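The first chain written gets the first letter, and so on, giving A, B, C and D; residue counts start at 1 in each chain.
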Amino acid sequence: MNLELVLILVVLTNLKLLGSSRLGSSIRTVGVQGLLLGLLPLVAGHDLTARVWLLAAGGAVIKGVMFPWMLMRALRDAEVRREVEPFVGMLTSILIGIVALGASFWLGHRLPLPRPAGSLLLVPVALSAILMGLFLIVSRRKAVSQVLGFLVMENGIYVFGVGVVQETSLLVELGVLLDVFVAVFVMGIIIFHISREFDHIDTDRLSMLRDWKP
Amino acid sequence: MMAFVHILFALVLAPLLLGVINRTKALFAGRNGQPLLQLYYDLAKLLRKGAVYSRTTSWVFRAGPIAGLAAVVAALAIVPFAGTGAPVSFAGDLVLFAYLFGLMRFFTVIAALDTGSSFEGMGASREVQFAALAEPVLFLALAALARRTGSLSLSGILGAVTPSEPVWALVAVALLVVLLAENARIPVDDPNTHLELTMIHEVMVLDHGGPDFAFILYGAALKLWVLGALLVGVVLPGENILLSLVAMLALAVVVGVIESTMARLRLLRVPQLLVGAGALAALALILVMR
Amino acid sequence: MMIFALVLVPALAGVAAVVLRHDRARRALLVLTALAHAGLTGAVWVVLPGPIFGGWLALDAPARLFLSVTSVLFLAAAVYAVGYLAREPHGAEKDFEDGSLFTNAPEAVFTACLLWFLAAMTLVTASQHFGLLWVAIEATTLASAPLIYFHRHHRSLEATWKYLLICSVGIALALLGNFFLVVAASTPEAAPVPMVLGELTARARQLHGPWLKAAFVFLLVGYGTKMGLAPLHTWLPDAHSESPSVISALLSGALLNCAFLGILRAHQVCAAAGQAVFGQGLLVGFGLISMAVAAVFILGQADYKRLLAYSSVEHMGILALGIGLGGAATFGAMLHAVNHSLTKAALFLVAGNILAAYRTKSTADVRGVARLLPVSGVLWVAGFFAITGSPPFGPFLSEFTILKAALDQGRGAVAVAYLALLALVFIGMATVVLRMAQGESGRATQREPWLAVFPPAALAATVLVLGVYVPPALGRALQEAAQAVGGF
Amino acid sequence: MNLLLAAVAILVAGGVVALWRDRGGPVAAVAGCVVGLVGAGRVLWTGATVSLRLPWNVPFGSFYVEADALSAFFLLPIFGLSALAAIYGGEYLAPWRGKKSLGAAWFFFNLLVASMAMVVLARNGVLFLVAWEVMALASFFLVTFEDERDDVRAAGWTYLVATHLGTAFLLAMFILLGRENGSLDFNRFTAGKAGLVFVLALIGFGTKAGFWPLHVWLPEAHPAAPSHVSALMSGVMIKTGIYGLLRVLTLLGPPPAWWGWTLIGVGLVSALVGIVFALAQRDLKRLLAYSSVENIGIITLGIGIGLLGMSTGLPVLAALGFAGALLHVVNHALFKGLLFLGAGAVLHATGTRDIEHLGGLLKKMPATAVTFLVGAIAISGLPPLNGFISEFLIYLGAFKGGVSASAAIAVPLLAVITGLALIGGLAAACFAKAFGVVFLGEPRSDHAAHAHEAGPAMRGPMLLLASGCAAIGLLSPLTLGVLTPVVSVLTPADVLWEAARPLTIISGAGIGVLVLIGVVALVRRRLLAGRSVGETVTWDCGYAAPTARMQYTGSSFAQPLTELFRPLLGTRKKFTPLAGYFPAPTTLTTDTPDVSRERVYRPVFGLVEAGLSRLRWLQHGNVQLYVLYIALTLLVLLVWKLS
């Protein structure tokens, strides 16, 4: 199992996310992606210290297990199944995803790493994940899928962090993980409240607060 | 010395001018007309009368004629006559000269408003309108003369007149219009109309009687004399007193002729007349700038 | 040690607030913690504690400044909160806008989050390590989200959701920015530079240019989202208008400053690396855009809490502009940060009183505040004049300083835009605020609770004093802070 | 200096005290003003410039105050009129006692006086701006004293916005002045970019002074304020704008000619527009406000002539222009203060400012009427009162220039003279209307019919001001002694004595006129002694039952002139013409809103607001959209900065 492969799998999972309308499967996909990221520290060419193992384990558990579980619960409370009419159709989404991929390769080309990392794919993949995550947030209606988008973005950053950055201290990385965990946790709570308050979780209808009176 | 003589002349002869004007008009109308000294008789009679006041009026009404007369007498002290300087003369006295008439007018107007009569209000309103337009003309004319002669006092200006130039003619015409307007003569106002609606000056003094009215008539006569003296000084400089006096009478005749040959302008046209006079004065000003 | 205490005291107090049973005890705890924190902060001014954790935590000049502002505001807010919580009903209450029933979050949660919020903000000010700074800022988001959702009705829910999502996205970008910074710091020729501010600025010359620029862009956008720079400000009016006024006061007065501090740190590194111009150009741009956007929404604003929120956007713009202009403007920006925090907090607290008395946030339905609530009315008008930069209040001096810097540098266009936008905002606010304050209220004058008027009054008084006299100690602190971020 | 600062301190302290004991307000105000008058008088008497400079702990600030002749000269009307206004206000505000907090009113009153004094004394940019803005705020709160009325609130808003925008220009101006030396102390200022600074000063100070077209706030705010405040604002506060302009001119060095021409133009237009609009008003205080625009115009005209004299090397022109302007500042403070106090007395007695509802008040309130008449004559610039003196100096300056200077300068100057003459005529008409319609004839309404004379505390100040008008008019040569050192701050003034010698004769003539009046009056009395003096109704063409409604109204009195200036006024008429042989009763209503307000400011504000509200869709409410903003911003920055 080598780095390149993991990265490519990450990209594929992202594309699948863009293409799928079933929330359940999307969550599972994100879970898979999480597990892949768990592998990342081990294959990124660091020397395998306890720190790296810990990082891998933490990543895998939180990103691969906790998040999907929490989101699944939120989904159950909200009893919704699929992303109905998103702002951007599935096919277009995939196309845009590919465009984003291209863009991130361009960006990666513009930003050569001062010190070569494990793979040339690292930076573009990370950036593409971030862009696709943003795109998911912008283009989807359901709160859950926006959280998914946020996670994809987060994962992209994680890829970059783990793959490129060696020197960050464990404390910071665990802090980051913890923060993200709490963030998703709170989001889960809010989603639960939303579903109770509005008996739907379409965030585009969460737009009472505005200064534009059409 | 001479200066005070002139004041004496003015005080004595001013009413005569109106007599002359009326005789001239009578002549044109083929009437005998009233005697030359009619105004003297009127004054004498009025001064001997009592007075009747409207209950509406207050002390302002009584003060009007007094202040008016005082102001015009003061103005009289500023105009030179027959080339000799006036008793009071200083740089910029022409401003004081003009503003004394303003003071006179102000009191006449508020005295008129004091009666609460709509007719007198109407007259007052017209008076201030025409005066507001006549004053700039007067100033333009005087400015032209001041520029030409390099002096800022009436005495200085009239002392240095060289009437051979066209400028003086223009100024003279402008001053004549001002004189007619200020003294409520045709073509601006008809002194002996009998319809209040058409009067300006007359209607303002409808309610005055007795000594007050005498003051008003006398003040009006003096005003005519003062402006006349200015005009005569412009067209006919020279030391010769007799000549100047004759010129004054001639001016009265001219006014009479104008009154007999012209009709009173419609009130809406009067501003145009004054603006026209202003144009002449302005032209004079441009000419003296060379 | 002292820094440690500053962070730990509120954190532990927060835990205690969860376990405590009685409301009174909890409120006492809140005020006591605030006092303790303020006391410690005061002590910091006397004896400056040295850095700990190998320089990860330290109180340099900017940190001291922002820490003090935060602490003062929190004290005022805590006192106000006691009265506020006492006023708030416990059972279900009727929403005054659409009449739906809703309940408040349990007071324990509220107080606890409030205290953790303070802890997080303290950590932000104290942390010199970029990673730690990021963690702390994200923590402020998480701690404050439940506070915004104190009134559990759908509007505050919506506001919280937007706040959480938008800020998380922004913060995530900031995280990437941090990683970029690490990359920029690890060049092959030299040993990698640790992420501690001191080290970075000291060895800034060997940072990798393009990556540093990219890092700055990401940090600016990320923390800028949190700071409320337009067009990233979108969460701000919603959160401020829907959260309890005491929270709005803290968000506007303290939290935005913390995000601003994050940007300042990044700017410090840029400046040290000789990339100052690059960053300053961006800051000037963001500053003017923010002021313009704020002006757009302040003109004819129908909700007075949103009005104050947009005014915060405007003033964040002014801060960015000040740093962007650099030089003397940096001092102005620092001074303005202090002035704005105090004034805006006072205004939000007063807005809370008005809201309590009129039960509406719509400016159209509020009349005669000066008659109904004499003290709040006076504070409302005074605060308006202060926030719009009229003498003799503090903000005038800082805004004037920034203007002077702009003109002295010959940036006429910037100065003109700055003045024009300030004037626009003034007109907009004057229209709303005066309409509210003046006229007949149609009701009998109310006696205002001491706890509700004293905190804003104290803050307003401070602003007035700062307008006519800048204490030398503060002046020095501002000077040092300005020098620390590359100005003077 | 100490006396002046003490005066300011007394005023501020008294203001604070007034918050608790409002009766302390006027007392402290009078006390402070008296002390201040003594201080200012000392400066003018000794002719020594006193100054004080203390460090002040704000950015670029220093507590640097100085009283030279110019400052002291402006302090005289400030303190003098304020003291009288305070006495007057004590009685004027009495009806509100208990209904409103008079304490606040007096707090702001004293603050206003103190800040005006500080504006004149300040020699540091920050200090000046603080005083300037405190002055604006204090007066704003005084204007909105009756804030339960919509028109008052609207007026307050207009005033606040106008003054704030004006201040913005001053900020820039001071910074530019202090740019080279990095200090905002006046003595460190340098005249770089003088032209720009002049323009900024013209706009910034012109807004406060009320130059056309920056005057829009003036006719709104002055009527709205309580009358003693209107008197103060119109009498002295707007003069601080003139002071500022003069002070800046002293810092800018030798002026180019175009500054002079600009001021002359601005002054002429302001004066003409001001008086024409004043003629068209039927609200007494609004009329007075517009006439303030006119007088400010005359003052500006004088300053312009002064600058022209400096730039063209005609010292006489310069000295006369400045002297006239400065003297008119004091004169206007006297008679405009007097007139506003009179208007206040009328309002106080009748409850209306609409002159069409007044009339016949002379019999009800004789003292007010007499003083108002004095003010009216004086403001019309008629001899023998003070208005004529200052206008005469300006006339004389213009004439001297027009007579001696080259044509390029002379022609415009003589045109200016014509303009002044027209303005004078219109002013006389305007105030004949104001006095005549309000005080003469029969009462036009019950309000007027049941009026009562004002109390002693209100009459006293009016009498004092009236006698002030007479004194300056009849003793004008003495003013030169005060004016010369003040003028010499701006330009060499030694020529002034020579040039202004006519004042002696003028005052003589004035006294002469008064004597003549006395003589004629005596004659009249002798004549009427023992003769029948009857009473009857006014002659109305034999219609013997005149009613008050048959009187000429103010509007109809002014109609011929307003008709003449219709294109300028844009008066709106609503009239349904009579029809048929037996026409139904019909009405004619006219109103004259401010043209620049209606045709310029309102549309512009409307456009800006409409344009900006289009951008509101930015805050659309969709969180997706908001995240999109973030993404786009990021992409734009990356693409822009990294490629």
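The rule is simple: a residue touches a chain if its C-beta (ideal position, glycine included) is under 8 Å from a C-beta of that chain, and two chains touch if they have at least 3 such contacts.
Source: prediction; values computed, not measured.
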Contact-richer chain pair (by C-beta pairs counted) among B-D and A-D: B-D
Most distant chain from subunit A by Cα centroid: B
Whole-Å gap between the CA centroids of subunit A and subunit B: 100
Cα-centroid distance, subunit B relative to subunit C, in whole angstrom: 79
Subunit B and subunit D: spacing of chain centres that average the CA atoms, whole Å: 35
Chain centre separation in whole Å, for subunit D relative to subunit A (CA means): 69
Subunit D residues counted as touching two or more neighbouring chains: 616, 618-619, 623, 625, 627, 630, 638, 642
Junction residues of subunit B, two or more chains touched: none
Touching two or more other chains - residue numbers and ranges from subunit A: 110-111, 134, 137, 146, 203, 206-209, 211
Arrangement of touching chains [line / ring / star / complete / other]: other
Pairs of chains satisfying the touch condition: A-C, A-D, B-D, C-D
Sites on subunit C touched by subunit A in the complex: 129, 131-132, 134-135, 138-139, 141-142, 145-146, 149, 152-155, 157-162, 164-165, 168-169, 172-173, 175-176, 179, 182-184, 186-188, 192, 194-195, 208, 210-211, 214, 237-238, 241-242, 297, 301, 306
In the complex, subunit D residues that touch subunit B: 359-360, 362-363, 373, 377, 380-383, 388, 392, 395-396, 399-400, 402-404, 407, 410-411, 414, 417-422, 424-426, 428-429, 432, 435-437, 440-442, 501-502, 505-506, 509, 512-513, 516-517, 519-521, 523-524, 527-528, 531-541, 546, 548, 550-552, 556-561, 564
Complex contact set, residues of subunit D against subunit A: 616-625, 627-628, 630-631, 638, 642-643
Subunit A residues within the subunit D interface of the complex: 87, 107, 110-111, 131, 134-135, 137-141, 146, 203-204, 206-212
For the subunit B and subunit D complex, residues of the former touching the latter: 47, 49-58, 60, 62-63, 66-67, 69-71, 73-74, 77, 88, 90-93, 95-96, 98-100, 102-103, 105-106, 109-110, 113-122, 124-126, 128-129, 131-136, 138-140, 143, 146-147, 150-152, 196, 206-207, 210-212, 215, 267, 271, 278, 285-286, 289
